[in-house]
Amino acid sequence: MRRFLLRLVFVVALPVVLLAVWWLASDDSTDVYWPPLRTILKTFPDVWTAERLRTDAFPSVLRLAAGYATAAVTGVALGTVIGSHRRVRAVCEPVMEFLRAVPPPVLIPVIMLFAGIGDTMKVVVIASGCVWPILLNTVEGVRAVDSVMADTARSYGITGAARLRHVVLRSASPQIFAGLRQGLSIGIILMVISEMFAASSGLGFTVVQFQRGFAIPDMWTGILVLGLLGFLLSVLFQLVERRVLGWYHGLRASTRRSR
Amino acid sequence: MKGANLALGAAGLAVFLALGEAVPRLGLVKEAYFPPTSKIADAFAGELTDSAFWTALGDTLTGWAVGLAVAACAGIVAGVVISVVPYLREATASTIEFLRPIPSVALIPLAVLLYGNELRSVLLLVVYASFWQVLIQTLYGVRDVDPVAEETARSYGLGTWARVRYVLWPTALPYVMTGLRLAAAVALILTVTAELVIGSPGLGARIGIAQNSQAVPDMYALIVVTGLLGLLINVGARSVERRALAWHQSVRGEVTV
Amino acid sequence: MLDVRGLKKVYEGSGRRVEAVRDLTFTVGAGELVCLVGPSGCGKTTLLKCVGGLLAPTAGEVLLEGRQVTGPPPAMAFVFQEYGRSLFPWMRVRENVELPLKQKNLAKDRRRELVADALRSVDLADAAGAYPWQLSGGMQQRVAIARALAYEPRVLLMDEPFAAVDAQTRADLEDLVRRLWRERAITILFVTHDIDEAVYLGERVVVLSASPTVVQEQLKVDLPDERDQLHTRVAPRFAELRTHVYEQIQAAKRGGGTTKSDAPQPL
């Protein structure tokens, strides 16, 4: 019980201190750009009504989900194919290295040419930005399947789909998840940016509208919402990761101990 | 073996470029949207002779380098301090976990209000985004310190500074290098993004101008430039990483964090 | 049961030719326990992989019950030296043992029965729900053996399975192999670099030469069927056999005394 309390103190203490400092330091602020925290929090419920969440937050998240899911499926599927064939990998490597190195937001003008400024454009932008880290990490993970494990699978007749499902993808999963995590943060960036470029709804659009209209406290609430969204998605990701990669963390911990 | 791989890679690149030429020529996509490789190459050559292009490239590189340097110093110092001072790691964990996933682009409106399209706008975003990469890897690296080495150092009466210098830093270095490599890539993304969205001078802004003036081949050429820049940074960072770690028994992969 | 005829394996890559196995011929009778022993680096693993159908021989052939082995046959199971890399760390012990059976399309009840039986045979019934990395090295190798048993092979190939465990565990595992062999009447081909282990375990010991490998000598182990670590290892006959094998291996290392004539192959 005491240990639990101690841990709780550790978790809560610094955030409380920081918020208190922000609160006190900004309390009598007259600087228009740095409104008092009190004002921001008071504005929050007025700005982020259920209606606004439905019309702005929900479409943003939906587009992110669609683009991210597309990227995950494509990246893992292509990565598995490329990773399991040495020649294919050699052919694709330089092109993939180049495409990965292109900063994803510059794709927005290109994709706008093809897909206009609608939802399709945003989904395509998000997907085409997220796909590279996922693809390249999958290639690495699939390539690095342990030779003894591969021999084991072969000698016990584990081939084809079963080999892919039970051996290759599972053994590459730590790498794949590293790629998925990088992809997620790129996805959130692209979600916001694509809405700042051209949109009539969405979180990025709304926040920029507030800024252009000099509704400073409203803008601050928007920044808070984006921060919260990033945090929540990261928590969600960790929950999934801990479930899928539980074995990997256990394995790492056990080799660390025995070292 | 290596030669064969190189040849295959070159072949892949050639096919990629040839497809880029053939697809619009055959009318599979509109040439106005997707100019053939040769036109992009022309535009690219045109850019190279334009002094404004070189200024833009310089601006982008300045934003990238300054932002990365600030983030790297801050990240390493913060990481080491948090690890060395007792209880600081436990106390900061929740805050770091909360602040890290906040998308840096959420700060764009604030940056615009505070600094307009000055370099400082770019730096705000770049530093915020790259700082976490360095900090997290540094923290992981320090945690990887072998307890036996640490106890040995303690039992021989090494002070805090000596322990940091001789035990903690060498162990953490591989992780720090990984953090720097990731941060370098992230910094470029954010530099170009800030220029594109806010309009701070640089390659990103130039892409924006090309887009608005319907100069499609130039837009593609500039995108290729950013890609080449990114490639150069990746390759450079990786070779620095490898050289710095030549002594290390295993040049290790990234941590899944 | 198992016929190896004129087996030859040459690795080729980046302009270099390495002749790992030159010309090997031996047979393993049904229900026999044969140990292959040879100096380290003599291509034992290569040989076993060719027998198991994991590598295609350059020349010669491997026959299992009269049929040529071209890929891993379902009647054979393999136990690898590197147990840590051979068990799948993302699966629990039970799932590790069960996966090959799923591939054999066995019914669920039958699979459960085989898994339970195999784990009981290696005294790991309690560990079914654990992950391999939660177990000690010896226990992990027992899981690998259980996986092989559940597969119901007629031939069991073991590639230096106990090279990476400590001496006491090793003695226990050796007795386990003897017991399983006698209980289940499986044919076992056991590769080792340890002379004592080869003599203690085998009904017959095949001594291999240094690489490129040929058969140096075949030796019948005329020790009683009932063997135990305490008495067998101090028996005078054990010492004689062991000395004999040791001398053969020393001769093999020097490259002389080959009992078979083999025409030199130009490289």
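List of remarks:
Order of writing sets the labels: A, B and C. Residues in every chain begin at 1.
The definition used in the following text is that a residue touches a chain if its C-beta (ideal position, glycine included) is under 8 Å from a C-beta of that chain, and two chains touch if they have at least 3 such contacts.
Remember, it's a predicted structure, so these values are computed and weren't measured experimentally.
The largest tally of C-beta contacts between two chains is found for A-B. Centroid distances built from C-alpha atoms place C farthest away from chain B.
With each centre defined as the average position of its C-alpha atoms, the distance from chain A to chain B rounds to 17 Å. Once the centre of each chain is set as its mean CA position, chain A and chain C turn out to be 48 Å apart. Chain B and chain C have centres, each the mean of its CA atoms, that are 51 Å apart. Shared contact sites, meaning residues of chain A that touch two or more other chains, fall at 248.
In chain C, no position touches at least two other chains. Residue ranges on chain B touching chain A, taken from their complex, read 4-5, 8-13, 15-16, 29, 32-34, 87, 90-95, 97-98, 100-110, 112-114, 146, 185, 188-189, 192-193, 196-197, 204, 207-208, 210-211, 216, 219-220, 222-223, 226-231, 233-234, 253-254, 256-257. By the touch criterion stated above, chain C contacts chain A in their complex at residues 49, 52-54, 71-72, 74, 76-78, 80, 82, 85-86, 88-91, 99-100, 102-104, 131, 133-134, 147, 151. The touching residues of chain A, counted against chain C in their complex, run 146, 148-149, 151-152, 154-159, 162, 166-167, 170-171, 173, 247-248, 250-251, 254-255. In the complex of the two chains, the chain A residues touching chain B come out as 7, 10-15, 18, 33, 87, 90-95, 97-110, 112-114, 140, 174-175, 177-178, 181, 185-186, 188-189, 192-193, 196-197, 204, 207-208, 210-211, 216, 219, 222-223, 226-227, 230-231, 233-234, 241, 245, 248, 259.
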